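One chain, subunit A, links the two complexes that follow: it is found with subunit B in the first and with subunit C in the second.
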Partner chain A sequence: MTGMDHPVSAVAGSGAPRRGGLGTLPSFRWVAIAVILVGWFVYYPIVDNFVVSTTNQDIYTGEIEYVGLDNYARLLDDPVVWISLRNNLLYAAISVVFQVFAAFLLAAVIEGLESERSRRFWRAVYFVPSAISITVTGLLFYFIYQPRIGLLDAGLSALGLGALSRPWLGSEDTAIYAIIAMSQWQGFGYSTLLFGLAIQKIPRELYDAAIMDGAGPLRRLWNVTFPMTREMTGLMIIVTITGAFQVFNEVMVMTAGGPNNSSQVLGTWLYQQGFIQNEFGYGAAIAAVIFLVTLVTGMAQLWYTRHRRVQL
Partner chain B sequence: MKRSSHVVAVAAASALALSAGPGSAREAVVADPNAKVEYSGTLSILTKFGLQQLSPYFVNVAKEYEKLHPGVKIELIQESDDSVKGKTKTLVASNSLPDIYFSWTGSWGENFVRGNRAVDLTKVVGPDTPWGKTLSPAAVKAFEYNGKLYGIPLYLDAKFMGYNKPAFEKAGVGVPATFEKLLEACDALRKGGTTPISLGNKEAWPAVHYAGQLLAYNVPTATLERDFDPARAKFDDPGYVASLAQFKALVDRCTDGAAVNGTSYASSLQAFSNADSAMYYQEIIEFDQAASADTKLKGADFGFFRLPPPAAAKGDVKAIEGAPEGYMINTASKKIPLAIDFMKFVTAPENARVLSAPPYGQPSAAIDGASEATMNPAVVAGLKDIASASYLMPWLDTANTPRVAAAWLSSLQALVGGTMTPEAVMAEVKKASAADAKRK
Partner chain C sequence: MSAPSASHPAGQVNVWAVVARTFLLALLVCLGIVVLYPLIWMALNGFKDNSQIFGDPFALPAGWSWANYVQAWNQGVRNYVTVSLIVTVASGICTVLISAWTAFGLTRSRMPMKPIVVGFVLGGLMLSPTVALIPLVKMLQSMGLYNTYWALIILYTAFRVPFTTFLIRAYMLDLPRDLDEAATMDGASEGQVFWRIILPLCRPIIISCVILHVLFAWNEYLFAMIFTSGADLQTLPVGLTSIMARHGTNYAVVFAAMTISALPIVVIFFAAQRYFIRGLAEGIGK
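Now for the complex of A and B:
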């Protein structure tokens, strides 16, 4: 008997299967709707995207030309793809530093505070930016980065560092860093909150034992807190890296990928190709790259986490 | 193994079948002037009037039409100048274009014609038809493709340099007659502590608008029009590089320089309205936003002039950059006669005059759609300038193919930022055009 043949009642162990009605439905039928929905809305678009990426489509005329892997070959010769990939990697690397490791340290500090009121206060302080919509945050930072009159340049001038002022979003050298900085400001508190929850679940006895063994705060952080939050750390690394490869709104709101494509990321370049330049096949090839990068990252990290899991 | 291969094959086949997303070829549809109008059902329309100031226009017209025809419901999809581009393409890709939709002229509109998505309106809006006689012939002709008319022009648009009269007086400068004099005026204004021109180029098209007008002055019209077509384009006229060098000089001497790439065009319009800058290069349809009773810059202090041509210009110095903007009717619409009837109502003189007057300030393409008594005098004067122009230079980003337009947009940002020379910009444009020609 295969799993598909199990009557639901038998699986549930509620006595003899009833004849007629829902009780006789094979378990597959119970999940069939969910399987169809997931297949149709999640897996079919993925397959379809790969199919579209082997074509050149004209959305106006409906003409479809099958071009095999030409769009993938074109990716290699497109300098903006490499700029975008570099920007996504920068986004991922900087985000992992701030939203995983720095957030972990901050969470450890906050959860180490004696007073529950203080802990609640600091959690809230760091979480507030995450509650603001990305579009609003983008506009807020657009004004902060405004040349001369923006908060950043005004602050630098007030500190006697006016020479550092520059068109943060208008310069090809700084635009992507300005966007990444904004993203850290927004995402940092959310990661801190999640790490805080993971730290709260660590049994108190482990810390007590470590203290009895003479371990100081740093030793406890390294030998207790860090290993006991490894799963959360792994999860946060996956979420952060995949998030960095799916970034779109921040860039669109602040620079739209400019100036001169210097702040393009794969997501915005995909949009530019598909919806502005009418190159849907090529856009689908870019989407396939994003999918593969995030899939490989996620699988690698899951594998690593599973093999390094700490069992209590 | 065999079973799983079969499943994959079925999935792939189904994906292939469904990925014919854009749909099969469509038949051309010709509007019948004698078709009976059924006043019932819902009529959908995609407009470019999503901005707060403009959105009431279609809302009010729709209400009036619904009042006249109680069986009809008008469904509005209102987008802004920037968002309408993405929205339109999404609707095209999903075969969900509404009955009536906004369109620019040039290659933008041509796409709908090429895909048989725009109804041939020649028999209802042509110059000899009752409706055609009520519209500006030049505006109607701007939507002509392959000798047929596909669009209903709603308003005229062109680019002018708006200026702050008191700022000019304070700096002791007059309206410049040549491009070189404009640069000198910028120097004088800057010396007096005023930002000469506010330019926001975050969206990249504002720089393209400057370049477009300068190209019209420096490159012969026939050469420009040849170069719009990738199959024939050469981009070898020296006027191209000269125009870009002039634009770079303007950026360096008149604006905040590279910083403008990080400033939005809305912010720069705001700076001009707040009297923080002396000039702003704007469309005639923005005159009422730039100076009004609600802005620091009042209507009486607002003046405008055409971007002055360089002394050694070899192109058409009487050309103005601009084009009418209008609407097309979806060939897939089940209510084409009703859609035509609604657009006749929108362009009727009483509604056209409302459109031309503040707060909308969109100079109607209807011949009786302008009333000097109710319109902003600057808009009236601008319309006379448009009428006297020898050539309407289309927007570079809608006249060119999307790939060439993208090259103009990003390369001009680099020119503004100082990371590309005029020659390098032209090399990028040529490369994009050659790639398009190869593809076709």
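Now for the complex of A and C:
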């Protein structure tokens, strides 16, 4: 999940209370470019993807054959699809733990510091990896996980845990976990920053009142900070799950789905099938799965935003 | 542990509070090391030679020779930086301008079916690039845009306009209407109101949007990898992986190249932190 995708709720509703009537056509010029651009390059491909998924086609020969739902039937029999789904789910679960709950606690600790300067300092420090390209961090951790030159094994043996060392990315048992760990390292600072912003908006009087009632720091965390940011937390969970099903870059850079497809996710399997195996139709069917999952989470986000009146 | 701690009533500061505070500070410091040390290690490895890299990973470089950095720069990174700059600047200008126009139309101008238009443009936020990939390849190939700058500029713009419009629209909704209504009374056209009044007032959020866009475009990998194939059209993230493939054994040069591509964005982040955080805060909503 890239740090910089910042999904936002699409809250419909017009800004201006004024009513437009006939003769207002020229006003469309302000929105025309965006509507055409987004419609053409964002919406249309999604629709077209379903069309492509009912065909088998060869990009080089141009042959197109209509196959109905065959590609979807094939999905069910493809063991790598199930491995990928499992890995996406693992990604989602672990990311929710670290990038939502741990990030929330960390943000609470940082926002509880006395001086504004140190608060700003820590927020910035933890955010740095999120600003860096996932290709760079992916390659960096590719090296960190290397047996001979890497930091991880060297660190483990320095701690007397040398027995634990292994080819982290080269082993089917650990590859996906190694990738997910990198992703947590890169992404937690971003959500910490977001939680920090939410915590800053909590009225101070609530804390003052809690202190008057004799509530200690842990009580204040549980009775004030947590409830006041609960909606933000709910939204972060949804957004994190959405992101986990769109994962592509880090897996591509670090293992390309290997060894033996053990670290494939839906995104990389789509790429593998569509662009390496040249099976556009089947790739499109995999894309359709990603679309359906993110459609559900997107709907959940929209519903949540409407009901809870929070946005992200 | 939590929350803006207002001054403690006297007597409440006990031993446990001191222990807890020390523990938390230690935690922050350790986490800081975990976050920053790999990045420092990356930059330091750019100063080593291969034999040192295969030696003790924790050792400092034997000397501070820039040779690897120079070699990385001359053997590809310069070209990748140029391509990344072109794509980032062009798509950034298009995205911000189009989004500001759109936000203006959505907040200031009379328009039938406005809620539908708002929902359509902002709804684009929900759609992911991965799902659109295969149709986009077909589309851009048939348009003759495959493997051109335009492919990336158009796609980065199209996929970022919804988010950027969302931010600018939220800001414009909060701007007082007196100024532009007064200008309209004085006979200013909509265009004049936009360029002379609203756009200058939106400067802070525009800067935030530019920075968020730079971060996105400089780091984007999926589209850049799929839609460019020639070495002369590769952006930095894609170029890095091909440096890795070419210099696979000369790790020091790869580390130098990684450091060069990470550095500008880290510098921009620290220089423009204020605007960046404003953008995020705006995104969360008030």
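Everything that follows uses one rule, which is that the second predicted complex is superposed on the first by the 263 of 312 C-alpha atoms of A that agree within 3 Å, B and C clash if a C-alpha of one lies under 4 Å from a C-alpha of the other, contacts with A are read in each partner's own complex, and residues count from 1 in each chain.
FYI, a contact is a pair of C-beta atoms (placed from the backbone, for glycine too) under 8 Å apart; a residue touches a chain by one contact, two chains touch by 3 or more.
As the structure is a prediction and not an experimental result, all values here were calculated from the model.
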- Query: Touching A:I211, do we find subunit B (first), subunit C (second), both, or neither?
  - Reply: second
- Task: Give the label of whichever partner, subunit B or subunit C, reaches more residues of subunit A.
- Result: C
- Item | Which superposed partner A:V97 touches (first subunit B, second subunit C, both, neither) | neither
- Identify the partner contact of A:N261: answer first if only subunit B is touched, second if only subunit C is, both if each is, neither if none is. first
- Message: Touch test for A:L69: subunit B only (first), subunit C only (second), both, or neither?
- Response: neither
- Regarding the shared-chain residue A:W168, is it in contact with subunit B (first), subunit C (second), both, or neither? first
- Now for A:L193: first (subunit B), second (subunit C), both, or neither, which partner does it touch? second
- Quick one: classify A:F275 as touching subunit B (first), subunit C (second), both or neither. both
- Query: Is A:V224 contacted by the first partner subunit B, the second partner subunit C, both or neither?
  - Reply: second
- Message: Looking at A:Y44 after the superposition, I want to know if it touches subunit B, subunit C, both of them or none. Which is it: first, second, both, neither?
- Response: both
- Residues of subunit A contacting subunit B in one complex and subunit C in the other: 43-44, 48, 52, 59, 148, 271, 274-275, 280
- Message: Show me the residue ranges of subunit C that touch subunit A in the complex, using the header's touch definition.
- Response: 1-6, 9, 20, 24, 27-28, 31-32, 34-39, 41-42, 45, 53-54, 56-58, 98-99, 101-102, 104-112, 114-115, 117-128, 130-139, 141, 154-155, 157-159, 161-163, 165-166, 169, 172-173, 190, 212, 215-216, 218-219, 221-222, 225-226, 236-238, 240-241, 244, 251, 254-255, 258, 261-262, 265-266, 268-270, 273, 277, 280-281, 283-285
- Note on the structure: Residue set of subunit B touching subunit A in the complex reads 11-12, 14-16, 18-26, 85-86, 89-90, 92-93, 111-112, 114-117, 201-204, 256, 258-264, 267, 402-403, 406, 410-411, 413-414, 416-417, 419-420, 439
- Item | Complex contacts: residues of subunit A adjacent to subunit C | 2, 4, 6-16, 18-21, 24, 27-31, 33-35, 37-46, 48-49, 52, 59, 106, 108-112, 114, 120, 122, 124-129, 131-136, 139-141, 143-144, 148-151, 154, 158, 185, 189, 193-194, 197-199, 202, 204, 207-208, 211, 217-218, 220-221, 224-225, 232, 246, 248-249, 252-253, 267, 270-271, 274-275, 280, 283-284, 287-288, 290-291, 294-295, 298, 301-302, 310-312
- Query: Where on subunit A does subunit B make contact in their complex?
  - Reply: 43-44, 47-48, 50-52, 55-64, 142, 145-148, 167-172, 175, 255-256, 258-261, 271-272, 274-280
